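A short write-up of the structure that comes next.
Labels run A, B, C and D following the written order; every chain starts at residue 1.
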Amino acid sequence: MQFLSDNAAAVHPAVWDALKAADGPDSPYDGDALSAALDGRFSELFGKPCTVLWVATGTAANCLALATIVQPHGGVVCHQEAHIEVDEGGAPGFYLHGAKLMLAGGQSAKLTPAAILAAIDPIRDDVHQVQPHAIAITQASEYGCSYRPDEIAAIADLARDRGLALHMDGARFANAAAFLGCAPAEAAGPVDTLSFGFIKNGAMSAEAIVFFDAGAADVARYRRKRAGHLQSKGRYLAAQLLAMLDGDLWLDNARHANSAAQEIGLACAERLMHPVEANEVFVRCSAAEREALRAQGFGFYDWGDGAARFVTAWNTRAEDASALAQAIGNL
Amino acid sequence: MQFLSDNAAAVHPAVWDALKAADGPDSPYDGDALSAALDGRFSELFGKPCTVLWVATGTAANCLALATIVQPHGGVVCHQEAHIEVDEGGAPGFYLHGAKLMLAGGQSAKLTPAAILAAIDPIRDDVHQVQPHAIAITQASEYGCSYRPDEIAAIADLARDRGLALHMDGARFANAAAFLGCAPAEAAGPVDTLSFGFIKNGAMSAEAIVFFDAGAADVARYRRKRAGHLQSKGRYLAAQLLAMLDGDLWLDNARHANSAAQEIGLACAERLMHPVEANEVFVRCSAAEREALRAQGFGFYDWGDGAARFVTAWNTRAEDASALAQAIGNL
Amino acid sequence: MQFLSDNAAAVHPAVWDALKAADGPDSPYDGDALSAALDGRFSELFGKPCTVLWVATGTAANCLALATIVQPHGGVVCHQEAHIEVDEGGAPGFYLHGAKLMLAGGQSAKLTPAAILAAIDPIRDDVHQVQPHAIAITQASEYGCSYRPDEIAAIADLARDRGLALHMDGARFANAAAFLGCAPAEAAGPVDTLSFGFIKNGAMSAEAIVFFDAGAADVARYRRKRAGHLQSKGRYLAAQLLAMLDGDLWLDNARHANSAAQEIGLACAERLMHPVEANEVFVRCSAAEREALRAQGFGFYDWGDGAARFVTAWNTRAEDASALAQAIGNL
Amino acid sequence: MQFLSDNAAAVHPAVWDALKAADGPDSPYDGDALSAALDGRFSELFGKPCTVLWVATGTAANCLALATIVQPHGGVVCHQEAHIEVDEGGAPGFYLHGAKLMLAGGQSAKLTPAAILAAIDPIRDDVHQVQPHAIAITQASEYGCSYRPDEIAAIADLARDRGLALHMDGARFANAAAFLGCAPAEAAGPVDTLSFGFIKNGAMSAEAIVFFDAGAADVARYRRKRAGHLQSKGRYLAAQLLAMLDGDLWLDNARHANSAAQEIGLACAERLMHPVEANEVFVRCSAAEREALRAQGFGFYDWGDGAARFVTAWNTRAEDASALAQAIGNL
């Protein structure tokens, strides 16, 4: 009964089917019919024109998006626990040619206008200090918390006021959208670029970078090739994305994972470190309690000394989630 | 009847099987059992210890390899028609942080010691000129020609004399090895790093970077993550590579493609621009002749004004190759 | 009697005076009154608004200018013998974050529209090939030849047609302007950025980057600091530039050097490899002849096997130039 | 009566003399006799072999040094208030190709082994997190505090244990050495690279990068040129450094500045934010008090809302320092 991570979960059967269906001959790179369909399908989803590039990882998605809105001498304000700061092996430094990540605080790894201002207001407006060029937020956050549309709007207002672009790392955007129950466009808000994650949600190897500005997408096309991320047989990536959109599979999968997380969270409300607003549950528990859970066959990561992280996925079995909920409740 | 390129060919059934077989739960990134098996399997293949990292494109493979042997202030000697110079969107400039490609000539896009010396001997040994750090050769070359083991050895000797590292772009290494009929270790020669291509040869999205120096591989691990090329579900890449090695599928596929190319080449020996030593056939023919071929249903790329390029693949049907051979012979 | 290079010549007395005069207390970096005067003085000189930053080397000047008009995934068309390609230790690769130099030919190291087109027309308009973003020309060229205003205009027209920016490396801009006898604005033509050299012409350590677009200059300010080129005591650099402009010292110095070069060139017209249009004279002569000249006390660089390069400077003594002219005439 | 900063102070007369004395003809770049003398002179000063390169700014000195000991995918541990983090416009990101600054705390902007461990021990040893490659300390610190030899030794021990290189930003190394009263080698400790500052201490435009490993210096030579920091008339930079070493002018100048700072510090011991161990005095005082001081003709920077920074220099007049001491004492 694995609750280690959603990023190694199996591939959804509908994705397999789409992969196989893509196996005929077609043009190489992104010249195929499936890749060509992406802009239309995502524009429909968001109810506004957008341009979409596939890539194989969330790290590449984030960094290629940021590279279109941040110059090498600028900075990106992000949460001090953001994935781009903590877990991408310095990829932003590589892709942005040394641009700086500017760290801000905020509850549950969510930025607020106040936290952003606390980070950037002390920056002197001179050449001796790196100036911010963009803000990056994560939907859902590293701690599985979702920005409400008005929270995003407030950050977007600040960004506009200060002439900053706005990027959203949506590695778990589906889980946030499912939790919020609002339209995708509301869950994203007025961001410039969005890394829309599918791999944690049932795909094999395809994420979408969504550009709400076509000019930025044009730049990103060159940067994607330059980064070695333009795969030869791109139809197999496009096929995954389209399969995930078909019939709102992306939302169904996310709802499933979220609901398992909710059940676990409800069983231990008093132990929760963060509200459960996606598919992650951070639970205070002692080493002995963690050992007890593991002895019952549950797999998960320790989260520091006094806590554990449980992640559900599109394929978490309902009975496993219930069993875990009960086991935690019994601690 | 497509002879456009091998890089968009379908995925081999054995690769599909291996992908499906990898679909159980396992560790994320490259922590899975299949990824762990790569070093052993490739070491066996080459008869010497090597370390292997998977990546999704040949561009990433070449650039990550080169990044371990070339410092940002150095240069890489390559053929002026090499893929890294002509067709990788400036990726070497990105991955090598501005290191310089130093262009050399040579028949059929193959370097020779003399061509290399002609490129580097005029370089003054001072800080005003970029100094070479490595040599990159392509096996088989951009024109489908294979380096013989003694040709590689001669270049490797020069490299050692001058303190240069040696990289091999083996996007079509399988075709070269099949053509040469020698052991993989001989087809590679004493290179430091090898991009071993599988995608053009039946895989979906996995290439291997082979490091014959473990220290370089350690650096490359960090660089791969930093470049966003460490995929979450790495087992699906490792599975492809292992499937291609199983029962020498990589060689069988390459032999099949090569043999189709041979048949085509034999039918028009007097028109050949380059000897056919892999799976590409470059044929002198007029625009009218090309039109005639296209009218008969053959797909291929023009190669400048007076020639055409035909590429065979693992799944080129024997009857298609024969038909093309006959059609060219009839021109 | 040294004709090795103008880049190690002594500092002009007027520059010394200006340096000493700058020795009072003032604001650090470029906050001083002298630095503040640069925009006005150069705008007057060019008869149009421009923004000017000082830096300590021509390499930094070229690269900082180019960094404002070339994105990392783009390219710069330059002559294959241009300083930025041949003699700047790969600095463009560093400053432009891996952007590519695209080499073109042309007589006497001068580009022409035809040569530029020959370089860029074969570039496929796709992401696999680096696209040009700018053109860089050198006034005077590496071989001491000056672009006429109409030649620059033709290149500028081409640049505008193709959406390319235009940079001028003016390490010896003064010599070109003096030779052409036209207004500085005509000697520069409609370039976007100009590296205006003073060090070879009597300054100690200050070059000017001239931006005819204020936005580019704003970016360059950040990039200059980021490159460690914003000196603490910038007034000493500004002072040099102002001293060179005062009373057209820059032109006087260049005229002096040019006239010495003319005298030498006239003495050996039939041996000249390039017309003498600045302060460099490239002379065909055998090793024995070069030895003979050296035996008479003349210092200069060999230029390959069968030639020599003589460079005059602001402080070349008239009698030395005459002596050299006579000695070459006597060969 | 200026106490704004030492980095805009006038040039020392002995430096002027040396500049003028260097005005004869010599080889360009660093081929001159003065540049050639640097290694010997600094090796003598430190009592051990070292290689020295001149550059025009402390930012370039720090970054070129770090570039020899930190790979692009690594990190540099530094104090969160270190100049390289706060005041160099992102130059480390540029020079180190995106390597990461890893921030640590510590009293008075000085690192300690404990602070370094607090920064690096939480870093997981995997490719998802940037690994430290080096530590950078500042002597004297941003708050004018000097590391004692045993403090440096403790950090160096930690560095060696963890396989990290050690760099010292010595923009005010002279002031620290003067304060400590020990041999230069002890004030530097066993660092790998040292930026030895002279500009704040009486030079015009020359800092020294001291490499205690010749191999690193060889790399730095290429990187210096590549960064556009190899000046044409390098003898004018070398001359400054030699003049500063002659007769221990560097120490005399620093002692003078330190002693003025001591006098000021003694006058307001109870207001000091940091011990005065170099030439900077950080004094708690209200806005009204600062206004009062300014009304008496003293120039200085506010340091946040409740403090002021006074910096003395080699040319601070004794009577000015006394006047300030008295004025602060009278507040």
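Keep in mind that, in the parts below, a contact is a pair of C-beta atoms (placed from the backbone, for glycine too) under 8 Å apart; a residue touches a chain by one contact, two chains touch by 3 or more.
Since we're looking at a predicted model, the values are computed, not measured.
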Considering B-D alongside B-C, which chain pair is linked by more C-beta pairs in contact? B-C
Copies chain A and chain D touch; is their interface built from the same residue numbers (over half shared) or different ones? same
From chain B, the most remote chain by mean C-alpha position: D
Computed distance of Cα centres, chain D from chain C, in Å: 34
Averaged over CA atoms, how far is the centre of chain B from the centre of chain C? Could you give it in whole Å? 42
Determine the centre-to-centre distance between chain B and chain D, using the mean Cα coordinates as centres, and give it in whole Å. 50
Set of chain D residues in contact with two or more other chains: 72-73, 88-90, 93-94, 97, 127-128, 222, 225-226, 230
Please categorise the chain-chain contact pattern as a line, ring, star, complete graph or other. complete
Which of the residues in chain B come into contact with chain A in the complex? 2, 4-5, 7-11, 16, 20, 23-28, 32, 55-61, 63-64, 88-91, 93-95, 199-200, 204-205, 222, 225-233, 236-237
Under the definition above, what is the set of chain C residues touching chain A in their complex? 71-73, 97, 127-128, 131, 219, 221-226, 230
Within their complex, state which residues of chain C touch chain B. 72-73, 75, 86-90, 92-94, 96-100, 127-130
